[in-house]
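First the structure, which I've put down as structure tokens, then a few questions once you've had a look.
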Amino acid sequence: QDMDAVTLQLKWVTQAQFAGYYVAEDQGFYEEENLDVTIKAGGPDIAPEQVIAGGGADVIVTWMAAALAARERGVPLVNIAQPFSTGGLQLTCLKETGVESPEDFPGRTLGVWFFGNEYPFYAWMAQLGIDTDGADEEGVTVLKQAFNVDPLLQGQADCISTMTYNEYGQILDAGYTEEELVNFNYLEEGVGMLEDGLYVMEEDLEDEAFQDKMARFVRASMKGWKWAEENPEEAAQIVVDNDMTGAQTLEHQVYMMGEVAKLTEGSNGALDPEAYQQTVDTLLSAVSEENPAITEEPEGAWTHDITDEALEGGS
Amino acid sequence: MSPVISAKSLDLTFQTNDGPVHALKDVNLDVEKGEFVSFIGPSGCGKTTFLRCVAGLETPTGGTLTVNGMTPDEARRARAYGYVFQAAGLYPWRTIGGNIRLPLEIMGYSEAEKRKRVTDTLALVDLDGFEKKYPWQLSGGMQQRASIARALSFDAEILLMDEPFGALDEIVRDRLNEELLSLWARTEKTMLFVTHSIPEAVYLSTKIVVMSPRPGRISDVIDSPLPKERPLDIRDSREFIEIAHRVRDGLRAGMEAA
Amino acid sequence: MSPVISAKSLDLTFQTNDGPVHALKDVNLDVEKGEFVSFIGPSGCGKTTFLRCVAGLETPTGGTLTVNGMTPDEARRARAYGYVFQAAGLYPWRTIGGNIRLPLEIMGYSEAEKRKRVTDTLALVDLDGFEKKYPWQLSGGMQQRASIARALSFDAEILLMDEPFGALDEIVRDRLNEELLSLWARTEKTMLFVTHSIPEAVYLSTKIVVMSPRPGRISDVIDSPLPKERPLDIRDSREFIEIAHRVRDGLRAGMEAA
Amino acid sequence: MTDTAPLAAQGAGIGRSGRVALWARGFSHALLPVVTVVAALLAIWYLACIPMNASNSVLQAARADVAVSPESASDRRGMSGLALAVRNPGVAVAGAFDQDRARLPAPHQVAAELWAGTVGEPVTSNRSLIWHGWVTLSATLLGFVFGTVLGIALAVGIVHSRVMDMSVMPWAIVSQTVPIIAIAPMIIVVLYSVGIQGIVPKAIISAYLSFFPVVVGMVKGLRSPNGMDLDLMATYGATKVQTFWKLRLPSSMPYLFASLKIGIAASLIGAIVGELPTGASAGLGARLLAGSYYGQTEQIWAALFAAAILAALCVGLLGVIERALLGRMGMKT
Amino acid sequence: MTLVIFAFVLWAAAWALNAQLANGPGRNGAVTRLAVPLIFGATLLGMWELIVRGLDVPMVILPAPSVIAETFVARFGTLWEDFLQTFLKGALSGYVIGCLAAVGVAIVADRFAFLRRGLLPVGNFMAALPIVGTAPILVMWFGFDWESKAAVVVVMVFFPMLVNTVAGLADTGAMQRDLMRTYGASYWQGLVKLRLPAAMPFIFNGLKISTTLALIGAIVAEFFGSPIRGVGFRISTSVGQLALDMVWAEIVVAALAGTLFYGAIAALETRVTFWHPSHRS
């Protein structure tokens, strides 16, 4: 019989950050649910929110801050599942530069990812009361960091953004040891935000068939995630096999899978409303010109309907 | 017999950025069938302009001009004439044969007819065997003959030639002059021929039109008493030198009047 | 008095991709101070090449050549001559005045001297008032006069002219010929003049060098018996026509021999 | 033949045939200077590796407990590579040419990476540069065809219609000042949403960059026949269409090829730019980007050189076609 | 749907009007020359507006020109700051350095035939390369601020400029060169009085090509790391924020800057190479 087609748009290039989906595809979990899933890799300038608004995808992986911002701009995204229960974003500094705590930031150059990743950073700086328009006694110089660790290695920044599961590993690979580095984890600083959730368009959800399709999709995806957590080596291999650039190394993907597993661990896919509220509060605490994520409390930005149905059907 | 070409008080003024240029003023001329008419005069006196009017490439601003009893434009569409430019102007991407075939293609001749005419006209200008060559593989004189062949191929009654030998050296020029005369004698076409060279004009023509500039007009029309048969050394004859003298005087008078 | 220019069994062979070209073969010629020497011959006979050798722009492969007793290269550095090319070759980004000033700048004349010489030479070639114009704003004849002025401005003893009037029409050419003669009479420079035109050569020269091609060599040297004072209509005189005949015969003989 | 070349003549060297002599002359004339310049560039490259990689060489030496100066890492921070190399010459030279994440990989490292990516991998592998090159090339060629067709069509319109000439030409110039990289992601997303994906969006970006030189060149070319050539057509009473096919088009060929060569280079840039920000998962642009993400400088350089070779091949091929075609058309180039 | 139909009616009407103007009595007047392209551009904008509204294209896919214009006015301060960063600091400085360096090298290459014969093929080769690809490397070398942008621009404009200048310096007639020799002119005299002036049309050709390259280079480089201002920075972050109106406003800035830059060089060209046949009135 005909399978239901689903197109998933990822936030980033093929890597173990998205292992659950690739595993589900590879291990036939989607097929079991009668789904024909197309996974579209993303890239530094692909905004999944834009793709889904244009009809290029049924469901996307993105960060909650970006999704809420898009919602305010007229792309009514709804979180239907949250495989990542915690986040891996952090700011990593070299000890040799003398940064030990946030009090040392003024006068420094900090590397920040934009493209939807800047919201937690601005929220944090607002909380600390640090200006972001230039390095002096009160302020820091913000550098739009490309998605690599060069600024730190080349001495162009004192601290850079890293993900526990990716760039941090690259810094270690480059020869620095954990002792030589200082990490500020956004969650621990109280400005964490939910990462890598699954989002769909609100109007699509009104369709029963679509709801059902998504429930099956989430169920299969979560199965993929759990499989990946248990079989990190195989999962990494599946990711590498799906990487068309040929640039990923198995070694790095195994590392990444190990770290990602720590973030998905304990999630059954259902969004934790408290974590959602923390994300919203953090965003609202730092509304400004350069940080126009959201200006008011969103309504209906998430639902448990899909995960409820998924968990039911699965058990 | 009515004249092949008849110009009555022809006038042409170009509108340019620096104001109007009066290129032709009150030009009256009748050319009978089979005549060889040369136009001579200093640079800018309107020789080319007159030829272009006859060819329908330029539209006079006054007077009347008929070619074979039609307007020049009708005559152009009726392919009443062949035109030979100062430089050979062969298309470099076509062989000599291809260049001669060009007008035939445009006029829609049949394939067999095209082939025949190309062979014939090449023979006429003494270029047999060069059909497959490209223009740059030929000397300047041969190129010029090819361009004449191109104008002859579709057998128009009238041949308009604008300084066809201007770029050639004296010795080659002499030979081409001789050949042109014999061609004319054989085909009995009506020739309009522009030149800068007095000996050339005198040697070739049955009628020499001397023009003078600013505004361009005809200052003298000389009917040549020379016989139709003209060996090259006719140029040292008394009569020849006399006509040449008259032409030169006409030219000088025109210059001073201007 | 030793000759200004003296060539003894001069030889020049160009190495080209199609093999060597023997451009000059066994050329012997002496030119005395104040002479007006014309070179005539069919295309490719080596006229330009000879002039370039004299100018030190080409190096002979055999024989000896002296200019003012020096090698041509030394003479070039000593700015012993002015050179006029076939086309005017004025630099289009300079005004007429600027073009004439060019050699003076290079030779390091003072500002006042430059100004004076530009004015003087412009007057000499009858171009006063055109100093500020750009070359393309002038007619071909005026440009050619400006290029002569440029060669005259620094007052070299020798003037080398390679078909300076080749591109002009007969009437303008006549006038420039007259002017050139009077200039020569006034300044007593030594002139080497290349031309394609028999009347021009005969009209201007005290000595006519007829050359023939493949390989380029001198086939005849004719000393002109014409007086120094030459009105234009000297060209209809018996003597003139005789010399012209001799030149033409020389040319034809050279052609057939080749 | 009366002139026999004397034995002493140039190129008549003993024991060499004329052909060899000619080749030798061609070599010393054309090839030798190029080889020299390239060799000089390589030498400069190798030299530059020393200061460029000095900070990493020194860091690694320090880790291996070799004495370096200055000793503390924070003192070294902010020092230029040249200064470090001068103070630690031995260490800097020793470490300059074989680093894993070199700031400037040495030529042989890049060559090895190129070799591994081309010969060392089956062409179907996603690690094969040939495969990635093909992905980029196919978009390049498709875009080039789009761009060329569009460019020629516009040029024909511009030459024949005054309105088009006056209205389209200025905007064609403006169009090239739009930073294509900025719209590249949007083009891709917009096409995505109407169901077009894969090679076509990249090709459209390529076409956007390559149509312009073709328009400019073809307008020039189609207008290159002089008044006399056009008048000749008029004397035959030729129609516009006949004039186009028999005169304008043939005489525009040299211009066309000149602009095609620029166009294909632009097209390649377009394909690579199209692969850069949009997460294309294959192609030389994607390789470049992936190399940048994971600090694999050798990979970046290898992708760059692969692109360079691709460009050279494309332009060279056009040159061959040009010579063959124009030669057959009797136009010497 | 009516709006879409109306868009095509607008197109037809404007084209008819332009045809009138372009072939009418004032066809060569300055007004017509300006009006025709402007009407054409305005028509395109009008159609864009009507189609976007008619088909209800989402803002995050393609904003209407009127929305872009509003944003342009409202955020002018930011746009200006970005313009200064990208254009003045990045593109212009790199352009000047790159062009000067290329002309310098070309002069040296012109002096030594051996160098020229070696450098010209290499330069031609390099000029055809996708040099934008060096952007990530140069950002790594020169840091994230404008210096790296300038470096990318230098590399991008260098080779087209070099090739053009070398060709230009060689583009003197044999007669023009011989004239210099008959004056016994020194190398430098020949350079200053003959070859440089003669090369000007070529040099300007290179300068014009380089204007667009410079802008593209500077913007592309910003995608690989930048301070938090600049056209490229704003475009990429605004896409992330789905502020497509801002993206387009930046594109307008870039197009305006590019057009003015090109226009300025073209105007300078007309003044400097007034003598060239293509510029004589």
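Each chain carries a letter (A, B, C, D and E) given by its place in the written order, and its residues are counted from 1.
To be clear about the criterion, a contact is a pair of C-beta atoms (placed from the backbone, for glycine too) under 8 Å apart; a residue touches a chain by one contact, two chains touch by 3 or more.
As the structure is a prediction and not an experimental result, all values here were calculated from the model.
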{"item": "Other chains in touch with both subunit C and subunit D", "value": "B, E"}
{"item": "Most remote chain, CA-based centroid, reference being subunit C", "value": "A"}
{"item": "Superposition rotation for subunit B onto subunit C, Cα-based, multiple of 5°", "value": "175"}
{"item": "Chain whose mean Cα position lies farthest from subunit B", "value": "A"}
{"item": "Gap in Å, rounded to a whole number, between the CA centres of subunit D and subunit A", "value": "37"}
{"item": "Chain centre separation (subunit B, subunit C; CA means) in Å", "value": "33"}
{"item": "Whole-Å gap between the CA centroids of subunit C and subunit E", "value": "49"}
{"item": "Rounded Å distance between subunit A and subunit C, as computed from the means of their C-alpha atoms", "value": "85"}
{"item": "Touching two or more other chains - residues of subunit B", "value": "none"}
{"item": "Junction residues of subunit D, two or more chains touched", "value": "103, 185, 189-190, 193, 277, 289, 291-292"}
{"item": "Where subunit A touches two or more other chains at once, by residue number", "value": "44-45, 47, 50, 53-54, 146, 150, 154"}
{"item": "Subunit A - residues contacting subunit E, complex", "value": "44-45, 47, 49-50, 53-54, 66, 69-70, 73-75, 114-116, 118, 132, 141-146, 150-151, 154, 156-157, 290, 292"}
{"item": "Parts of subunit B lying in touch with subunit D, wherever the complex brings them together", "value": "52, 55-57, 76-79, 81-83, 85-87, 89, 91-95, 102-103, 105-107, 134-136"}
{"item": "Touching residues (chain side subunit B, partner subunit C) in the complex", "value": "42-43, 169-171, 196-198, 236, 241, 245, 251-252, 255"}
{"item": "Subunit E residues within the subunit D interface of the complex", "value": "15, 18-19, 22-23, 27, 32-33, 36-37, 39-41, 44, 61-62, 114-119, 121-122, 125, 127-130, 132-134, 136-137, 140-141, 211-212, 215-216, 219-220, 223-224, 231-232, 235-236, 239, 244, 247, 250-251, 254-255, 257-259, 261-262"}
{"item": "Residues on subunit D engaged by subunit A in the complex (per definition of touch)", "value": "55, 59-60, 63, 72-74, 77-78, 101, 103, 125-128, 132, 184-185, 188-190, 192-193, 197, 277-282, 286-287, 289-296, 299"}
